[in-house]
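Dropping a structure here in structure tokens format, bear with me for questions.
Think of it as A, B and C in the order they're written, each chain with its own count starting at 1.
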Amino acid sequence: MADAPLLSARNVKVHLRVHGRIVKAVDGVDLDVLPGQCVGIVGESGSGKSTLGRAMTRLLPNVEIAELSGSVRFGTEDVLAMSPDRMRALRRHRGLSMVFQDPLSYLNPTLRVDRQMAEALRHLLDRRAVQDKSAELLLQVGLSDTARILRLYPHELSGGMRQRVLIAMALAPDPQILVADEPTTALDATVQYQVIQTLRRLNKERNLAMLIITHDLGMVAELCDQVYVMNGGKVVEAADVFTLFDAPKHEYTASLLAAARRLHQTKALGEPV
Amino acid sequence: MSIPILTARGVVKSFGSKGWFGAGDAKRAVDTIDLDVNEGETLAIVGESGSGKSTLARMLLGLSKPTSGDVSYCGQPMGGFAAPDWAAFRKSVQPIFQDPASSLNPRMRVDTTLANVLRRHRLATRATLDTAIAELLHSVGLDPVQFHDRYPHQLSGGQQQRIAIARAMAVRPKLIIADEPLSSLDMSVQAQILDLLVNLKTSRNLGLVLISHDLNVVDAISDRIIVMYLGKVIEAGPTKQVLGHPQSDYTRSLLAAKLVADPHIARQRRLAIEATMVKHPEPI
Amino acid sequence: MSVESNARILGRTQKSASLDLLRRLFRTRFGGIGVTILLVVTFLSVFAPLFAKTGPLDLGSPTMTPPSWAYPLGTDSLGRDLRSVMLYAGRSSLTIGFCAAAMAFLIGGTVGALAGYFRGPVAAVLLRITDLFHTLPAIIIVLFSVSLLGANFWLQVAAVALAIWPIEARIVYGQFIALSEREFVLAARAAGLSTFHIIFREIMPNALPTVIVQVSLDASTAILIEAGLGFLGLSDPTVPSWGEMLNRGQEFLELAWWMSVFPGAAICVAVLGFNLFADGVTEMFNPRASVAPPKLDG
């Protein structure tokens, strides 16, 4: 497979100003996401994984950046050097979309779901088309009762429904890649599982490339094809998911895996009888 | 048979008003729960958000009163506690909370936090206070010299949770009620804190009520399990039995949703489970 | 290394916490300016006799002289040196600011803390009383008490405090409600610590940053209310204040601008000082409030 990467980072450095000190949050990272691939960035808090995700999608607040260097390419374009207009265009149509950890704070509490979906579907002019597309997107993320859900306010949705509505909105511009930062952290286990199912289906059925930022090796094992392990702003190991879990090369990866296995005892409990 | 440390009988907690005309729509967060916790035993209460497990924990800790029903400590109902009974209860049942950052007073040094508890229960005199604090910090794996004068914001999440455990252990309790003690920690830290809890438990014959949504953790350390859903007990029994041969659909779907940190198993399991996964109503 | 040897090293070290706080305040964008303004204004007022050549009510200077070397701030229609009047007037304006804010804090803080900690019927009664006062415009309360009881200086302080305490009560109440649900307060309750300890050692220190900001804003409000009263001619005529000077100056606005401009500027500077101080404290305890939230992982 000699696909050109869809999204790629080369020697990306993000140094942030935190309380007057310079923190090397991301310190020279290379990363590739191929079309249709699901890539995971794993790390613990402070590893720089979220900062990297935000740098690659140009969502870092400018005030804190002390240094931002290296290159991020989306297709053939340089994301970091792109004009704000071009960036906006990419977010609105066939570009990159993002999903975050806390769905409630990314939904407008005063608007019903249909209005917010319509906002994400501004490129469709016809009201009828917007309605159809909204329903279609909700179906795609596994919310079948679309007519009812579209009439609800965010607080009337359960946590899992909110996150899936947010994913549906992220899908509205028909992106080529979805970047998800801890998309299931705030959710219950059964709901987390539904969201993971949804993401996997989108990955397989729409051939949607994904960059999943997470601390949870269980989620990586379920979802990702390729994994980057980050620690202290650097990628310490990058490998195919099976290789990484079976034969970790770096000490840090091995210690993460050991901790995960201590918690996720790998005997498969509750096999369906 | 000895009397359980904690007993709950028909415990109900409802929130919301009785309404203007008496009828109202008070919602039962905890709905008629019975349970016993015996000495040295680990009881896991499993459930997702909205299951009422944290509300139950607060009632077991005597921090909020049940709307009806009663919680008893060593056979004595809390409703009839006098001041000395409360003191005795506070000295034997202690909490550990989910968010370590929020469970320590941000404007209080580690040693002051511990000293307050030690002094309150007269477990140390002015002369022995420093030794007692040092011992406590040692017991949770922190170097006293390095950590006694820190403020919470100068500690990592794992260190904060260790201090919270030290504070709970300061009164030498018989029972710890831990509400999601691991879920806001990094994974490698989770494993360390889990090990610490297991060590303390076995070395001091400590009872533990572990409230968690994480079946992996529950499976690792509990003797018995109670599965809660929307305020009610759905299933209860020995851990091996409940997790090995779940009787209710809800428990089965919890098990199915459990993530496994192994891509081979995860991907094999997927197909089998997707076929049999049982739908259950989503908690609102 | 034995536990005992560790214990001996655990000597209680007391760092100079207040100095450290001041240093942090100066590192904020406006806090340092605010503190400096307040210190200078307070210093000038407290040591007014050192800088004033005459008493505030001494006549005998030429009347209505514009600012000059001899009279840097000019003189008024009665022949008083405005420099002296300004300095002594600062005393009463600042006293009103500090004392009214302190009284508002005592009343409001107590009411808010009690309502926030005990909840239930206690809170219901206290909060309705608070609301009652809150709905009356401050200036009405003050005008009412002054016209009823006369323009006595300390009565005026009390009236201003009475007008502004409900905000304080609301703020403290909100802080107590939020903080008493925090896990460290629950842990203190579960450890059997006393109510007194929980209110004053666990909750209060954490509510303080927000409360200090409000007290400081209250002080500036109090100075403005006093200025308004003085301007309307309702303040104690025997005690000069900036507001009262404004009232006197307006008659001669076209003839003697300096009679109005200097007290007006003094009010602005003092109010600005309190507000910048409040901004600084907010920024110090909550650095994210003023800039976009920095976000590392989390």
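Keep in mind that, in the parts below, contacts are C-beta pairs under 8 Å (C-beta built on N, C-alpha and C of every residue); 3 or more make two chains touch, one makes a residue touch a chain.
The structure presented is a predicted model; accordingly, all values stated were derived computationally and were not measured.
Averaging C-alpha coordinates per chain and comparing to chain A, the farthest chain turns out to be C. By number of C-beta pairs in contact, the leading pair of chains is A-B.
Averaging C-alpha coordinates per chain places the centre of chain B 45 Å away from that of chain C. Here the CA centre of chain A is 48 Å from the CA centre of chain C.
We define each chain's centre as the mean of its Cα atoms; on that basis chain A and chain B are separated by 32 Å. Of all residues in chain C, none touches two or more other chains. Within chain A, residues 44-45 each touch two or more of the remaining chains. Here chain A touches chain B in the complex through residues 44-45, 158-161, 188-193, 196-197, 215-222, 241-242, 245, 255-266, 268-273, going by the rule given at the top. The residues of chain B lying in touch with chain C in their complex are 58, 61-63, 86-87, 90-91, 93-95, 97-99, 102-108, 111, 116-117, 120-121, 130-131, 133-135, 138, 143-145, 148-149, 164, 167-168, 170-171. Chain C contributes residues 3-4, 6-10, 12-13, 182-184, 186-194, 197, 201-202, 205-206 to its touches with chain B in the complex.
Against chain A, the residues of chain B that register as touching in their complex are 48-49, 157, 182, 186-192, 194-195, 213-217, 219-220, 243-246, 251-267, 269-270, 272-276, 280, 282-284.
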